[in-house]
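Per-chain numbering from 1; labels A, B, C, D, E and F assigned in written order.
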């Protein structure tokens, strides 16, 4: 998932691929909102909101599609 | 769908592929909101909301696209 | 579209592929909200709402992309 | 775009592919809301709403992706 | 991007591919709302709205995915 | 990521691919809203809004899917 030289899309397992999908989504949020304090304040807003959780699940599904293709679907 | 070593994207049937798509979406929600009590409280919010149900259907469709490709569309 | 052993993504025509896409979306909604009475109550909410109809059309487009690929686009 | 036996995803030109994408989106709306009077009432709601127009453009982009792949991108 | 016979998905550069993605999105909006006066009135609504701009960026990303595939990613 | 002749989808690393995805999304926003002052005013609106950040993450995930395919997933 991470190598000495940085991020890789290749993972050993489906679970690691799911974790990477979540990580990629979070990295975008960090790049858009670098202030950790603000991110911390927003976390409960979406984590306790049905719409927010579903929207996050959609982003993760989109990132995972890429990761799964990169790994030939771990067939 | 699950093996001794964990998740697999490979399923025997289309139905199992649909079930897995729902499961993957739920796993993201659990990772984002680990508190089962909060998740339980949010469930009726989206399950009795037209917009929430459609949004979930979109996430599942996205996850299913990946699973279907992994299974060569069960052709 | 359905075989003796269950769902299939393979259809004879584009029209059947479209119908299947709608069916798959509905199956997700049923799995998320098993109560037919609640689903019946929600139907007019989205069927008479512009945003709801467009959102459903998006889900169906996503499901159809998978079905079309499964059928080699009925070329 | 349509044959004697019904819909086809194969079109002669990119423009026809775009038209077909719009048509497919409309067919979903018709299937979900068969009442022409209701659809007519909803049309100005989204056609004069920025969010509605963008949402429709997203659906059409998704349908078009499928049609373009079916036509080998008219290369 | 355009030929004597109409639209083409094939472009010389990535930049032209981006421009075409924006153009395709606009063509859908024109087809849905043919009244230029109404479109002109709606423009500031989304161009000065954060959500509107992000939604447009999503549509363009979806159109661009198709165009990039059509051009073998300009490799 | 950029060459003497302009944008390229080919990057050396996954990280550069992620940066490019963010850059492409921003270029669309600039093309839609060329006024830097307006963009500057809108930035805190989405960067301090949970829904806005998730929506941006979705756009970036969509752009990244294209870039990752262009780079054969940096396998």
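Heads up, the rule we're going with is that a residue touches a chain if its C-beta (ideal position, glycine included) is under 8 Å from a C-beta of that chain, and two chains touch if they have at least 3 such contacts.
Model, not experiment: these values are computed from the prediction.
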item	value
Minimum number of chain-to-chain contact steps, subunit A to subunit E	2
Distance between chain centroids, defined by C-alpha means - subunit D, subunit F (Å)	27
Approximate Å spacing (C-alpha centroids) for the pair subunit A, subunit D	32
Shared interface positions of subunit E, touching two or more other chains	46, 49, 51, 55-56, 58, 62, 65, 69
Overall pattern in which the protein chains touch one another (line/ring/star/complete/other)	ring
Cyclic ordering of chains (reference subunit A, direction subunit B)	A, B, C, D, E, F
In the complex, subunit E residues that touch subunit F	13-15, 18, 22, 46-51, 53-58, 60-62, 64-65, 68-69, 73-75
Of all residues in subunit C, those that touch subunit B in their complex	5-10, 24-25, 27-29, 31-33, 38, 42, 45-46, 49, 51-52, 55-56, 58-59, 62-63, 65-66, 69-70
